[in-house]
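I've put the structures underneath this note.
Each of the next two complexes has chain A plus one more chain, namely chain B in the first and chain C in the second.
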Partner chain A sequence: MIGAIAQYLPPMLKGIGVTVQLTLFSSVLALTVAFLLGLCRLSRYSLVRGISYTFVEIIRGTSLLVQLFWFYYVMPFFGVEFSAMTTGVLAIGLNYGAYGSEIVRSSILAVPKGQTEAAIALNLTRWQRMIHVIIPQALMRMVPPFGNLLIELLKGTSLVYFITLADLTYISMTLRNTNYADSLIIFTLLLLIYFLIAQLMTLGVRWVEKRVTAGRLA
Partner chain B sequence: MNMRSDEKPIVRYRNIRKSYGDLEVIKGIDLDIFPAEKIAVIGPSGSGKTTLGRMLMTLEEPSSGTIEVDGELLWHKKVNGKLVRADEKHLHKIRGKIGMVFQHFNLFPHMTILRNVTEAPVRVKGMSRKEAEKIGMEMLDKVGLIDKKDNYPSQLSGGQKQRVAIARALVMDPKVMVFDEVTSALDPELVGEVLNVIKEIAREGKMAMMLITHEMDFAREVADRVIFTADGRIVEEGPPEQIFEHPKSERLQNFLSRFMAKV
Partner chain C sequence: MWNRLDWDWDYTMQFLPHMFSALKVTIAVTFASFAVALIGGLLLAMLRRARYKGIAYLAGAFVEFIRSTPLIVQAFFIFYVFPISFNLVLSPFTAGVIALGIHYSTYLSEVYRSGIDAVDKGQWEAAKALNFSRMQTWMRIILPQAIPPLIPVLGNYLIVMFKETPILSAITLMEIMGVAKQFGSASWRFLEPVTMVGLLFLLLSYPSSLLVRYAETRLNRQRGS
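Our next item is the complex of A and B:
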């Protein structure tokens, strides 16, 4: 068995590189999209609210896999061609960003109204109230659900298998295709590796959580 | 009674009304507050006294009527002789003359005490951090909390939090300050320390104060004039001795007798 592991681990490590890269880039995109959309959902302009709401609903209401297919196989018909990696980052980032926008929106709404009133009484502008009073408090509430979302995102990256991006899952599948008898070992390794990456992410989220709430629990 | 006909009021409510849906909570109130005057607003819960303060702080918009602050309309602008609803820019300009302390303190939990007190002078008045901290420390000293400057609000008692909230409002140097039932959320043994701070500020006489309160002894001691509101109207007003010793209206007599019976 040790021999089998020694045989499969090196190619899988290459796949880990792709998975981690994909996770990292699409996480950054997802967080950015989540903030932008979340803030737009709370805009005082109904047009901005309407557009962002529609966008979120369309993305949440269709499957990530189909979105990947669209970006990869349909967009070229419109003259837009992306590499498999770019496609993966775009589709995954937008998809999880749409979910994340609900976290941003609800965390901002959960900050007590008295905080806004105190900021008004001190004559802070609408923008200053958001940046210096509301968002810092909303951030504390956002961290745990965002941690959850990013772990979901990590596992979601395995769907790029279907657009032939050589991530961890894709490589494991090709290894299995040539070594059926070792399916158990290959897929156990696959499970363990995803689990370990997720654990690392959980630790990271805990660290961030401690940082943003240090000494200041309300 | 102070006759101040020679002086211009700092706040002037004119025929103010406020409704929430079908419920009218303020039914036409006229009230002048003069510079450095301390008025206490008393009355049963739901009489509209808090709404009166919140409309001055621009937290609630009147349904009709006007409020003037320091000679300028608060919620309206005059355009070609006609009153139009003021925009945020106008509110921002006038709001700088008004301050407020809330029943539930509303300190910023993610900032240290000193930061709570200095945030607005830096952001709104454009002071340097250093300058703001100097004034902030003076104010924290005034409310007796200089040693808590690096703590967070969650580490303070209710009375201490409210004293910080007072310092935070004072730093902005308002011309009129609303104190909205500032002791109602406090444990009884913490009420005194907050009232003492307010009495001290009142003695300095730098600004007008609108004390919305259930503390009758405090109102009597600090206020120049007491306003009794009930059912959205001012039922009776006058100097404390008159209001508390010789109430004229039956509403006030009943209110006071029930209040004294409770204490």
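Our next item is the complex of A and C:
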């Protein structure tokens, strides 16, 4: 069994690289999209609110895999062709960004009204109010749910298997296809690796949580 | 550039019957795995409150492990490892129901847990004072109070699970996405099938989610009054 692990681990490590890269890039995109959409959902202008709402509902109403396929197989019809990596980052980032926008929106709404009123009394502009008063407080509420979202995102990256991007899942599957007898070892290893990455991410999120709440929460 | 985007209605019409017959598979697999998740989730939630700390800990570890690994890998495990290592050959449908059901039972266990925690502690004590057995306390006192407020959240998870079913096409289950892939690959034209599948998902899940939201606000109003 040790021999088998020694045989499979090196190629799987390469896959981990792709999975981590994919997770990192799509997390950045997802967080950006989440903030943009979350703020748009709270805009003064009904048109902005309407468009962002529609966008979020369309993304949430179809499923990630369908979106992945759509970007990969349908976009070329529009004359836009992406690499598998770019497709993965775009689809995953937009999808989890749409879910994340709900976190941003509800966290901002959860900041007590008195904060807004105080900021108005201090003659801060709308923009200053958001940047200096509301968002720093909302951020504390956002971290734990964003942590969960990032774990979901990590799991979601495994779907790039369908568009033949050589991530951890895809590589393990090709290993399995040539070594049927070792399926148990390969898939157990695969599950353990995902579990490990998720645990590391959870630790990271806890650290961020501590930093963000330091001196703010009793 | 744009001339390549010529939507082919004939092609679309050819695809639709395939899609609608596969929709039966999608819906069957959704409800079957939801049933598994409802029961499994409740079981896990109860185990996590077991008197024996070892059992409670194991249940917690199981939830944590399943929740932090991808559904597709779990499906592969059940579909490809079980026949070889445990001599258990499963159809794609059965394997899919088990994988999706177990995966979401860990999510539902958290939902149940929140409901159970919300039941007043005095209820447990009262049950004890009335000499109820542990099982009677669960069945007659705690769960009847814990579960009804959870119905909208459970409904939400039904929709989430519905949207996860395309993943099961990886273990060759011919649900709507699997059929779209197969249909499209014959002529290497995916525009229409994939778009139609997306529309179908939207058409079914958006109204359902509105229904759940409506149920949620009604429930909140009931509790508020």
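Simple rule for what comes next: the second predicted complex is superposed on the first by the 217 of 218 C-alpha atoms of A that agree within 3 Å, B and C clash if a C-alpha of one lies under 4 Å from a C-alpha of the other, contacts with A are read in each partner's own complex, and residues count from 1 in each chain.
Everything that follows uses one rule, which is that a contact is a pair of C-beta atoms (placed from the backbone, for glycine too) under 8 Å apart; a residue touches a chain by one contact, two chains touch by 3 or more.
Given the structure is predicted, the values throughout are model-derived calculations rather than measurements.
Colleague: Is A:K155 touching anything from chain B or chain C once the two structures are fitted on A? First, second, both or neither.
Modeller: Only chain C is touched by A:K155; chain B is not.
Colleague: Return first, second, both or neither, reflecting whether A:S83 touches chain B, chain C, both chains, or no partner chain.
Modeller: neither
Colleague: Does chain B (first) or chain C (second) touch A:F195, or do both, or does neither?
Modeller: It touches chain C, and chain B stays clear.
Colleague: Tell me which partner A:Q115 touches in the superposition: chain B (first), chain C (second), both or neither.
Modeller: Touch status of A:Q115: first partner only.
Colleague: Report for A:E57: first if it touches chain B alone, second if chain C alone, otherwise both or neither.
Modeller: It touches chain C, and chain B stays clear.
Colleague: After superposition on the shared chain, which partner residues are touched by A:N123: those of chain B (first), chain C (second), both, or neither?
Modeller: The first partner, chain B, only.
Colleague: Is the number of chain A residues in contact higher for chain B or for chain C?
Modeller: Result: the larger residue contact count on chain A belongs to C.
Colleague: What residues of chain C sit close enough to touch chain A in their complex?
Modeller: Touching chain A: residues 1-2, 4-5, 65, 67-74, 76-77, 80-81, 84-85, 163-164, 166-167, 169-170, 177, 180-181, 184, 190-191, 194-195, 197-198, 201-202, 205-206, 209 of chain C.
Colleague: If you look only at chain B, which of its residues touch chain A in the complex?
Modeller: 57-59, 88, 92, 95-96, 98-100, 102, 104, 106-111, 119-120, 123-124, 152-155, 165, 168-169, 172
Colleague: Mind listing the chain A positions that touch chain C in their complex?
Modeller: 57-58, 60-67, 69-70, 73-74, 76-79, 151, 154-156, 158-159, 161-162, 169, 172-173, 176, 180-181, 183-184, 187-188, 190-191, 194-195, 198-199, 202
Colleague: Enumerate the contact residues on chain A facing chain B in the complex.
Modeller: 112, 114-115, 117-118, 120-126, 128, 132-133, 136-137, 140, 215-218
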